[in-house]
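Two complexes follow with chain A in common, the first pairing it with chain B and the second with chain C.
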Partner chain A sequence: MIRYSLIRTLWVFIILATVLSINFILLKNAPQLPPPTEEGRSIYYSRQVSDGFMTVRIERDPDLVREARESRPTFLNRLPRNSDFFHEGDQIRIFEPVPLIQQYFSWVNNIVTEWNWGVSTWVQPNVEVFEILMSRIPVTIRLNLVALFFYIPIGFALGILAALRKNTLVDNFISVFVMVMISLPSFVIMTFLVLIFAFGLGWLPTSFPSSDVTGAVQYTALVLPVLGLSFGAIASLTRTSRAELTEVLTSEFLLLARTKGLSQTQAVLRHALRNSMVPLVPGIIGSFVGLLSGSVIIELIYAIPGTGRIFIRAMTQNQYDFNLILAITAFYTVVGLFAILLVDLSYGFVDPRIRMGARK
Partner chain B sequence: MKKLLLALSFLVLVFGLAACGEDTPPSVPTLSGVGNATITVGQSFDPLAGVSANDATDGSLTSAITVTGTVNTAVAGTYTLTYSVTNSAGETRTATRTITVQAVQPDPDPDPDPDPDPDPVGDFVLAQGFYDFKFAPVDVKNAFFGAAERWLLQTGAGGIPIFANSTFSLFSSRIQLPVENFVPVMGFGTGFATMSADDSTVRMDDGRPGNAGEYTYRGAFIFSPTTFNQWIADDSVSSDVNVWFLDSLYYFAFNDEFTGFDLLPSMAASMPIPIDSEVILGTVAANTWRIELREDLEWFYHPSINTSAFPEGHERITAEDFIGTYRLALEEGWFRAISGGGDFLNAAQRIVGAREFVDGEVEFDEVGLRVIDEFTIEFEFVPLMSEWDVSYWLSSMVMSPINLHLHEVVGASYGTSHTTIAAHGRMFIDFYEPDSIVRLRENPNFHSPNRTFFTGLNFQILPDPDFAFETFLAGGLDIGGVPTARFDEFSSHPELRFTPGATTFRMNLNALKTPEAQEAAFPGSGFTPEPIIGYQDFRLAMYFALDREEIARDLMRTAEPQMFHFTPAYLVDPQGGISFRDTEFGPLVGEGFSRSTFGFNEDAARALWMQAINQAVADGFYSPGDVIEIELVIQAASPAQALLGDWVEAQFERLFVDTARNIRVEITVTAAPFPQNYFNYILPGTFDLGMGGISGGTLDAAGFLSQYRADNAGGFTLNWGLDTNVAEIPVTYTIAGETFHEIWSFDAIHRALTAGVNVVDGREVVE
Partner chain C sequence: MQIHQKLDKVDKSSFEFVQRDHKIYDKKFETKPIGYFKDAMIRFTKNKTNVIASIILFTLIMLSIFIPIFTSRNYTTLEPRLTLLPPRIPIVERFGIFDGTRIIPGQEVDISTIDPETGIGLPFNTNFPHEFIIPGSVTNESVPCTSTQESCLGGTVRITLREQSLTTSYRTPTLLNFTLSQATPHILTIDLNDISETATLNVLMRRDFVSDYEVIASITEADVHTFNLVDLLGESTFLSTEMRLQVVSTEIAGFVEFNSIDIRQQGAEDPQHRFEGRNLALFPLVSGAGASRITRSDGQLLLSTFRFDPYARALGPWRRPTFSAEEFYALMEANEATCGIVPTNPVGHNFPEGCPVLEVRGRTESVIVGGIERYSYDLTLDFATFRGFDTTPFFFFGTTNGGRDLFALTWVALRTSLLIGVVASAINISIGVVYGAISGYYGGKVDILMERFSEIIARIPFLVVLAIMVAYFGPGITTLIVVLIVSGWIGVASVTRTQFYRFKGREYVLASRTLGAKDSRLIFRHILPNGIGTIITASVLMIPLVIFTESTLSFLGFGIGHGQSFSIGPFEFSGVSIGVLLADGREEMLNNPHLTYFPAIIISILMITFNMFGNALRDAFNPSLRGSE
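Up next is the complex of A and B:
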């Protein structure tokens, strides 16, 4: 078991390195275009140089300077792709990109030797990317954990209720609720929730308060985003737990439990529920990752300063904050991969028949 | 009885029908003065001069004459005008008239010892000599600018303007703005506004009422400021925040009439002082200027900053803070110091030795940035500068100092949070949480405490503009930008404030006409341009075919129709504070371009199309039965842009049809995301028509002319195939009581207005 976990953890890092490398290459190859105005372009290239993505040199050869003045396209053809130049009287200032492979190895080198993930270049210039990430993780995790503890009991309760009252009015009502909630994307639900309960009725805050705000609003502000995150998860958990429990309820071992004299409640609580948990618990752990990704859009709607917001900002076209994107990608990848590992290990805990990593 | 009724009905019908007729035959109006005429390039031409219309019944109908078609007096050629007049009986008389505009020919064999005053051709002469209008009177600048803009419209060399994006906003009832309408530079003067009620009467960001006696302006941004180090800030939100906690050497204040602005000293004690000045055209100009600083300037540190290790007297702001900051900014390569237009290297205000210092070729003591004494700094510029040039350049908060002691401690982290900066502006940043809120409070050390009424500002970061507007409507903000989707709901709101946009969206065009010209301009592009766009008549036909009002109001919603290239946001003369459009020269640009309909005139469009296709067929580019396929690249930015593409497609395909020869135009709309529409289509010249628009510095309209130059000097020319260095623009101007009538090229005008230029035969000559 320990050996299995260690090997899996090692794989997490191998996969992480692969994911980040692929992301690095793809992102760096994504079309990146300077702003339209001359002033904007001059700033853009100055920034590229100070960020280490480009180099600058001055060309004073009169023939080349003349050629650059006479035909911009012809002169640009002489330079590496994505280069640019500016006229400065009798000289030209040329900006050329640092080769991708060089950028990649210097990035890897900084991480491996100094654990330096670099600083943000667009979202919060000169701030260490992990500092930014660390400042955002608490609120995102808090929100998702609250949502997790909120949706699990409700989802289970509704699922059990529906399974026990299968094909009754209650079951039908729950099924309709499940269908509606599964079909509606979280941003639609969240928009309605905010419009109705915050702006319409005025019961709850209209946006997430800043961290210096004290009082009840700190807690009431969690209500809407938790609901926004939970509806889909509740529906999904209700559906699967109903299905699992229904199957277990019709199984032979439950019939045996009843025939040996257990009451319906005893049979359900002691045997049916535990057995239906086997596929459900891993699903719940996995759903945490789903909640995290769902919170990106909720954070945008409710103005929550979480990880999702910086991810979206860092992905702004033509202003890619590479270091930040890669750090956030690393965060989400690690959370995702460890969640999968935990899912795999949890099978063993929930169902003693399964032993992860056991010799065949 | 029935028969009687029938007979009566018949009689009524007969009388009724008879009453509809006229006893006398209808009269047809007459048109006179519509004979063909010939003029010289540059001569003024009024299509209605000497033309009259009369009618037997209505008398004089001269005022009812409509003219379709235009005469471009700047470009030699043959122009057809169609005159039309309709009398009260509905009878219409039309007449066509051909106007020939003769070219001005420079002397093919110049006199070896030429006369300093070239012989006039017509009323106008080709401009000759060295010109620099930097210090010229305002009217001269405006006359040249107007002539250049008019030429762009007449030739289509700058594309076809369509609309400008505007913004609409509402303020809360407690805000009392100093002005009703938008004033260039000052906007609505929010910083000078007062409040009729304190914070206890409104809901603050925590959902509770604020404190009595406090007046906090509550705004919102869609994203956070990126940095509080003004030297590396490049986004509007950072600027909007930084301007509150950073002061500047000079600042803009409303003039006494609240119609414009004055530029007044703020951190400076007086206006700039010239050293070794000269007077050019009445303006004092010098290369070296000194600024005396106020002696009561102090830093304000956030209470959580530990300043115990700072040297004594660190609270005072002196000349060393300014020059030390400038030196650090150049050494660090902070991009506001070396790029972006307002920097030390830019030709407009280049500092002696600055570029060489950045390139490591000279020491800092050779740079023209000097401490003269504790409260005096000196700037030595490469170009001659006026007092306005210097004070305007130094009115930016970017040019204010950072706290060098704090920078020594925090290094590159300076400006990353509210505890890694020091303030010298009206406010200081009390609290900042990225993606949540920026809270500013009154700076107790600010030298002019009464400059703003507000006791603080709260800027919430609300990423969704619709929810931000909802928050405003719910009373949570003092300003709300009206989202496009809700514009109709608030369009007639009495308090709605309109901010004119600075970007004119235009239909850019590839007029290279032939594959040979395309190859010469864009070697290896392999693109085949559409010849019809190479005809000026067709470009004008497209200009007149666009119903800008419908496009702006019905399709784009929150846009304003734009028949000109420059919106009312632009000023040629920032010192005067008046938008170019509001000067006497502004409206003249649009003469003959159907100003009452924002340049929309379908009859003119049809007539010009026919002229263009006649010529193009005669030139062998098209033959009967042809379909002219034109690709229109639109910005895939919004559904409104797609609607615009569809509208243009339908309109062009309806108007541009030659039924006699069975030749028609077919538009294909291609959507490309910004800025790929520029970089993949328009800039490399692989397009026929392409939507797009960029804006420039609104206080430097003349500088923005560079974006239209055929030589792509600004690096962002969007229209191809038209030589902008052809002398065909007539300009009349008066300097020192003497009036000149000259023919210029667009490029020569641009350079004369922004730098010096050698002009030979009206054209710019580059050494």
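Up next is the complex of A and C:
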């Protein structure tokens, strides 16, 4: 068990490091987009120098200075890619990026030693990206947790109901619901929900209120996004729990339990349900990742100020905010990988065959 | 038990051996053998729901191929005149739904249009010309208002003294002119709704141009007060004076509340001056500011709700202030039969009925460009004839913001989505099958390495791939396809690998190998065909998944979009997919929900039937389910 956990944990860290490194190198190799204003750029480059991504030098050669003054694009072409320069009287200050591999080590060093993720360039110029991210995470996490605690009981209840009433009207009805909800893209579901309950009937707010709003709106505003996130999850949980429970219900140990004299209810509660949980518990932990990436769309439609929406903003065409994208994708990667790690470990805890150290 | 008893009673002599005297080993089978695929087909057709779903799916695919080819409606170019028309469907329209009209609620009523008989007024907003409002559909309702809007009617006007001021004066905005005579005296009626206990309202006027304003009446009670102006001011041939309203109070926050002020000649039907509601509330202060305020309450705003016919408006007269002469004469030539001979100067010419031009109002100055004289006409076109609509067209799903037919566009979008789904799935399946085959066939170290690699790829969040691709290529078809295939093949690869593990140790593989078959022959001729059912199922279920992701990405704006097009081989495809249509519809969700719900319904049906089809196929190809239904 310990060996298994250690290997899984180690493996997660290897994947994490690989993904983040690939991400950093590829994004930093793309044409960089410094902040829009001259002042912002100047601050940004100084920060880049102190973070070890760029070097600065001052050029006093009058010929070069004149050339730079005459045509900015031609002069920039002579410098390495992603360089920039500023005029300062009769000299120019040139910022040049260091080689990519050196940038990579600076980046790792910054994060490991100072937890420094760099500054934003476009979304909020020269603000620490980690601060921006931290202001957004609570909203997203709260939304996803509420959705998680909303969908699990409903999904289970529907699945158990369908399995116990297999091939009846109830089961067929639930099957149709599951099929429809699994097939519909979440943005379609969310659009319809907003169209009907917010615009049509006017029961709920049409978009998420800003964070300083207090009172009932705070809670009613959660209803639609939670529903929009949950429908797909409910459907898939219903489907898997129905399938698992159906399989267990036809197994021989349940027949044994019945022959021992247990009533149907006792047999289902004591034996069938507990055994069908084994593959379901890890699945639920894993579903958190699905919810999280699904919430990007919900956040966009419902104007929720969460990480998904800031990601979309950082990805606005020709205004790419690479440091912010790096931090947000790192957040999603970390949450995703650790959820998978939890899944793997929970298999160990839930399934006695793995817990006891049995070989495959 | 009953059957057993019955059989017990059958006489033994009635049994006979079927093949006792026949040799059957060289006989042909009377029935055809049922192969793997035939067996699957039989089981597939057994489930009627799935057959229906498959038929619907097939119909959708056919429609998406043929409707864009055969439709006569425009779905490519911009047609601003036809923008945002509501859905109009034949037959259904007779029941009052999807009849091309829309209900416009709560438009402010233009007071001058109120019909004296019915008391119903038409809207003020010029976006809704009255001739296109469906007669009989107009209803009016009053809502409270306190604003200074012109159409806000009635209500009371209150002058309130502010803290620490005990008097204030307001005046009429203009001078009032009278000819006062005893024969037909002017009557001033002041209708007070309320007045505070200690307050007094003084009415001031002046007798001639030079004299000062003097108090002609004082009121301390709420009532309708009538004054004869001739008695108060004396006879005069021409009197020009303001009327001033002075409020005096002995305590703070004294107020006077008016219903109306009315001046008319005795016995006259129409008042000479009448102040109430808005025009009373707009009385200026005589001097100073801040001592008091004048407010309005209980006003009624008349709103009209009506059914509007945007089709009629769109197809009706269309004024073009600059219609180039070249275009005009080309149009005349094309419609010579209906328009007849056009005089050299068409301004003011009477065009016969059926001609696309209704009227030419004028022409601009000529400009010589490149030696050619250019000018344009200011004319009014009949849009229906101009664009060749003989009857009001049926736009089944309405039109988009750009005036394109949403019905045709939806099928075009569906075609694009399906195509991307099929292409991306084909790439995924090819990669997945080859990768899984190699990994499963060779096993051992190769397998372990390839498995680790695919695990890393599978663990890259799709947002990371998206970010990298967008940074390099921008949103578009390249980004879309790459994001779809980066981790899309892994599912197929693992299915294929499992199948290879299952079949590679079988005797027929060993036999073939001993006969000297190469690895590629073993893989593609012996093992792969045996696992094909499972692989096909995984592949079919991949198409809806890919369409799902594609529409989501396009909805977020990272996929394809308007104005983009891509070509696969000789075919050119527009950049409109269902996700793009839904993203457009999101901006118009409140006023034009038809832009959202038609594409949404179509994609929902597609996804549901595709999934049902895929699941049915999976069940059919799974021999272990044989006989279970």
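We adopt the following convention: the second predicted complex is superposed on the first by the 260 of 360 C-alpha atoms of A that agree within 3 Å, B and C clash if a C-alpha of one lies under 4 Å from a C-alpha of the other, contacts with A are read in each partner's own complex, and residues count from 1 in each chain.
By definition in this document, a residue touches a chain if its C-beta (ideal position, glycine included) is under 8 Å from a C-beta of that chain, and two chains touch if they have at least 3 such contacts.
As the structure is a computational prediction, the values presented were derived from the model and not from experiment.
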Chain B versus chain C as contact partner of A:261, first or second or both or neither: neither
Contacts of A:135 with chain B and chain C, given as first, second, both or neither: first
Which of chain B and chain C A:43 touches, first, second, both or neither: first
Per-residue contact with chain A, leading partner among chain C and chain B: B
Touched partner set for A:192, first chain B, second chain C, both or neither: second
Touched partner set for A:300, first chain B, second chain C, both or neither: both
Chain B versus chain C as contact partner of A:209, first or second or both or neither: first
Partner chain in contact with A:123 - chain B first, chain C second, else both or neither: first
Touched partner set for A:332, first chain B, second chain C, both or neither: second
Interface residues of chain A shared between complexes with chain B and chain C: 194-195, 199, 300-301, 317
Partner chain C, residues of chain A touching it in the complex: 15, 18-19, 22-23, 26-27, 30, 179-180, 182-188, 191-192, 194-195, 199, 293, 296-297, 300-301, 311-312, 315, 317, 320, 322, 325, 328-329, 332-333, 336-337, 340
Interfacial residue positions of chain B with respect to chain A in the complex: 205-208, 223-224, 226-227, 229, 232, 234, 333-336, 338-341, 355, 359, 412-416, 431, 433-437, 439, 460-464, 467, 470-471, 474, 476, 521-524, 673, 675-676, 678-679, 684, 694-697, 706, 711-716, 766
Complex interface listing, chain A residues touching chain B: 31, 33, 35-43, 45-47, 49-50, 58, 69, 71-74, 77, 84, 86-88, 119, 122-127, 132, 135-136, 194-195, 199, 202, 205-213, 215, 217, 300-301, 303-305, 309-310, 313, 317-318
Chain A-touching residues of chain C, taken from the complex the two chains share: 455-456, 459-464, 466-468, 470-472, 474-475, 544, 548, 551-552, 555-558, 582, 585-586, 589-590, 593, 596-597, 600, 603-604, 607-608, 610-612
